[in-house]
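The same chain A turns up in both complexes below, where it pairs with chain B and then with chain C.
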Partner chain A sequence: MVRRYLRTCYSSFTAHVFDIPPRFMVFLFLIVLLLLPMAELSPYYLSIIIQANVLAIFAVSWDLLVGRTGQISLGHAIFFGIGSYATALLFKYYGLPVWITIPIALLIGSLAAFLLGFPCLRVKGPYLALVTMAFPLIIGTILKWSPLIPIFGGEFGIRGLPAFFSFLPDPTPQVNYQRIAEYYLTLFLLFVSSVIIYKIAKSKTGIVLVSILDDELASKACGINVTKYKLMAFMISGLFGTLAGCVQTHLLHVANPPNFGLTLSFAPVIITFLGGIGTIYGPIVGAFIYLILDKYLLTDLLPKLCEYFNVTLPDEFEYAKLLIFTLIVIILVIKWPRGVAKFATDKLEDLEEARDLDERGPRIWKRYKRKEKN
Partner chain B sequence: MMHLLQIENLTKRFGGLIAVNNVSFHIDEGEMVGIIGPNGAGKTTLFNLISGFLNPDSGTVKFKGGNIIGLATHKIVNNGIARTFQVVRPFRHLPVIANVMVALKSPRGARKIEWIKTFERKAVDMLEDVGLTELMLEPAENVGHGDLKRLEMARALATEPDLLMLDEPFGGLNPLETDFLMKSIQRVHLDHPTRGIIIVEHKLYALMQIVQRVIVLHQGEKIAEGTPEETAKNKKVIEVYMGKAM
Partner chain C sequence: MLIEQIIIFGAISSGVYALLALGFTLIYGVSGVTNLAHGSFYMLGAYMFFVLSSFFDDLFGSGMVSTSILALILAVIFVGIVGILTYRIAIHPIVGDQVAVMVITVCLALVFQQSVLLIFGPTFPPVRWPEGSFLVISTAILGVTVQYSRILAFVVSLGLFSSLLVFITKTKIGKAMRAVSQDREVAMLMGINTERLYMLTMALSAMLAALASILITTSTSMSAGAWMWLYPLALSFSIVILGGLGSIKGSLVGGFIVGYAEQTVAIVVPEGGAIVGVVPLVIMVIVLLSRPKGLFGKRVELEE
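And then the complex of A and B:
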């Protein structure tokens, strides 16, 4: 009896809560993100979210190339690295301000994508993945080559790069204006780049890109110059990948060889599969899950909880962290193979559909109708 | 007189197998031609050679007087040859209407959009020609095989080809669907009097009703050519289909 009543309440609650148009949901999400600094988070938490914003830009650009065009790239770090080194070198040798180096780096990045596209797009599927994976590794090794150390700084990279908002007052223990300004900057860039990529994916060009993903041969038979469109996807994706690299460099004040590393090549893969491949909004959700899982739950929350319950973590925990993290990611991907964001939107769509058909709506209505009939 | 499509001594070998052997024929504007033959006769290979998926070992393919051998597939399509596939190849993630839009996005498809029609209107018109407007927004992966066959044709028609090549359009269709598709092919033929159509088909009953000329292939060679009535009486053709008389 009570259970039934509770269930009725729950279904009426879900029917009311989830009856929000998706556009409004996005708006709400944005408002929450905009008001986040008001919560006076410690700079550490804020920097996690800044990182998530940057990685989200990076993953969204990867999603356009792989989820929408089907050109599997496992070396997206090359654009990240090009972006970070281009801005760093331009600052080091010409002393240009940030606002000039980033556009130049974006140009270099898309040019590199264009040049790389020619050899890469001659191969398909797993071979393409391997070829793209090789490029950042090669460049990462060249950077560490001893004759080039005076230029690229070898293993340490190029340090001492300026922050975005060095004109703002220095951080005090209470409040860090620079960090907050950086947060808004990355949020703005994430919003702009994801909207641009989303619009491209939804446009007529985006339809052609999906047709290449589905069946390249049939798309050729429709008179589409497949190579042109693939190159275009490669360049757009490279452009935004480079943007992520530029921003990251100035946030951390350093450009070093790990920017070309395998970890960064695979980060967008994990993020996109967590969030939902081919959705464009999925990777944004994925990036937040990825970083909150890695930098907050396992690094911050878990030790605090253990302290609270008087459990001492073994010293080896630092090494086991990656293992636990990987396990959680694998479980999430198995549970929701189409991604967390995709799962959520599918659920919402199901609910919307149920509301259209009165018969399948929440039970409370049914009973009400039955009464009416009698 | 210049033919729309002229094929001379076309040969293609796969290792030791000769898939297409010294085949020559031509197609005029406004003609509807059927290509028939038993399994493995080289019909689909011939299609692949014309549409640029394969390169021939020897021979020439001339379209509107110009050589098209060695051109990329998309260039051939933009020259005005569109084809469908024997095994349906829809873009499964896209809705039915977007499948047609891909073809409209090609240079030739975009060229033919009249100023008064929008892109979307044109796509709907193409679907109307084959009777698929009801399934317009359905993802192609949810659409049945018979409708996909029609979608293939709508996609080929969207580039407004001068030569339409249909590879087994009736394959796997029930009699009702066959009848419907037959009628839409005939309507397409009537609407564009200068368009040539080539149909490869196994269902001779349906094919013989609509084509004006039939070319019979057997083991890569052309063994007969003529009107449907002539070829049906041709001894060689009967032999190929039925076996030799005892």
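And then the complex of A and C:
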């Protein structure tokens, strides 16, 4: 009797109190992100979050192509690399400022996406995945070829690129205005690009893209020009991938062959899987999980804890870090194949449903539970 | 002289590449798993051979071919067991979801890389046949000096490839593999234990990768390294896609095309050694542009 009463209390509590509309949650998240620099974080933490913003742009663009359109791409680093090298080369040979090189690089990136889209349209499924994986590997190797070193700088890449906010005062130990300005810039870009991609995904075009994911043949039979829409997805995705590359280059002041590397090809894949594939908001959550796991918990918190408990970490811990990280990723992907964010929103929707049932009376609620059990 | 060099070295590397690609194509054909951890089995093979042969050297005295061959067999079996465990623990829960399988297998590749780094450190242990055995002696074929170990690699790989072809077409397990690759549900209805078959195929695929690794590293006197998995992975998937995913004939033909192209580029192009790595990938892209399913890929019904 008491147990049942408590359970009713609990279910109505969860249904009524945890009922936060998603729009409000997004707003809350944004407010927290906007106010973050006020917390006087050390520049290291701020740079982690800047990285998370950039990777989130990159992963959101991947999610539009793969999660929404079903064109499995394991070589998204090609857009990242094209973005970084395009801005770097434009700066090196023409001396253009950042605010001009980035739009030109975006144009180059979407053109490259268009050109790459053509061969990629003919292949499907795992063939497409492995072909796209090949492109950045090819370009990354050719960049290191010795006859091309005078142009592309070989292994070390192109160094000495200007920062975004070099006109701001130089960093002091107390406050780093440049870093804070960079933070707001990346946050703004993340907001704009994710809203644009979200709007595209929710629009008529987005529905057509999902229909291509579900059944390409059927959408062809409905009179949809599949080729056009696939190319469009490639170009939009490539555009935002290039944007991430450009921004990253000017944050780190260098464009080098690892920008075409396998790590960057798989970073958006892992991030999207952590957050939830095909949701657009999932990759943003995933990027923060990814960087907090990698750069904060394992690099910062764990050594500090060990210091506190007087445990010395062995030198091999550097290798164990990535090992632990990948093991956590494997466990998360096996446990929640649809992503952490998707898991959370499913829970919220369940609560909403429970609330609706609760209003109609406890008897229906009970029956609903029983039906679910069966 | 140049042409003879290309012919002989091309043939030798082609045979081993075909063996490497066969493992990749088998596991894809039977269970639909795009195993991006294939290169890790290659790496593990070389490391296990190094560990076991140095262990046997301590035990029985160095310089014996027989203990090296015993080490080779044990290393290959060990990698096969690792393959079964990987499939059972990590791949089995998400099999069927293409992208998730790729994510998990790449993570597995990183797990193997980091474990090897953790155990051996960033060193490059040499993987060699014992000094002074007949395998390290050279002979001349068509005026080109070739080590006996390379000839051994060529003979073993072609022999194994043909015997596997017989295994797949004639024996009961091989027929079950082909049945599952054609239609999984009907094969299950006919009483084939698909799960066991998947594990068996995974073991076979891992063992082929390990064997190819030992043959390549010993005959070209390369060293093992924790990062050595990427190139064989790129090699095997480009060969397999070139020939058609799931096609055994395709992996043989693809292996020969890639092997010869690689040798030609390495010998003819200036500074070619640095860009040898892109040759298989470029060939793959070019072939796919003309034939989207590879040379011998299955044609899907109801599509253009």
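One rule holds in what follows: the second predicted complex is superposed on the first by the 341 of 374 C-alpha atoms of A that agree within 3 Å, B and C clash if a C-alpha of one lies under 4 Å from a C-alpha of the other, contacts with A are read in each partner's own complex, and residues count from 1 in each chain.
One rule holds for everything that comes next: a residue touches a chain if its C-beta (ideal position, glycine included) is under 8 Å from a C-beta of that chain, and two chains touch if they have at least 3 such contacts.
Just so it is clear, the structure is predicted and the values come from calculations on it, not from any experiment.
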(request) Pick one for A:95: touches chain B only (first), chain C only (second), both, or neither. (result) neither
(request) Would you check which partner chain A:150 touches, where first means chain B only, second means chain C only, and both and neither mean what they say? (result) neither
(request) Report the partner of chain A that touches more of its residues: chain B or chain C. (result) C
(message) Touch test for A:269: chain B only (first), chain C only (second), both, or neither?
(response) second
(message) Going by the contact rule set out at the top, does A:127 touch chain B (first), chain C (second), both, or neither?
(response) second
(request) Tell me which partner A:217 touches in the superposition: chain B (first), chain C (second), both or neither. (result) both
(message) Between chain B and chain C, whom does A:225 touch in the aligned arrangement: first, second, both, or neither?
(response) first
(request) Classify the contacts of A:207 with the two partner chains as first (chain B alone), second (chain C alone), both, or neither. (result) first
(request) Pick out the shared contact residues on chain A: the ones touching chain B in one complex and chain C in the other. (result) 217
(request) Flag every residue of chain A that touches chain B in the complex, lowest number first. (result) 204-205, 207-208, 210-211, 213-215, 217-226, 278
(request) Would you mind writing out the residues of chain A in touch with chain C in their complex? (result) 66, 72, 74, 119, 122-127, 129-131, 133-135, 137-138, 141-142, 144-147, 217, 262, 266, 269-270, 273, 277, 316, 319-320, 322-323, 326-327, 329-330, 333-334, 337
(message) Looking at the complex, which residues from chain C come into contact with chain A?
(response) 28, 34, 90, 93-94, 97-100, 102-104, 106-108, 110-111, 114-115, 117-118, 121, 230, 234, 237-238, 241, 245, 270-271, 274-275, 277-278, 281-282, 284-285, 288-289, 292-294, 302-303
(message) Help me check something: in the complex, which residues belonging to chain B touch chain A?
(response) 51, 53, 72-74, 77-78, 82-83, 85, 89-94, 98-99, 101-103, 105-109, 119, 155-156, 158-159
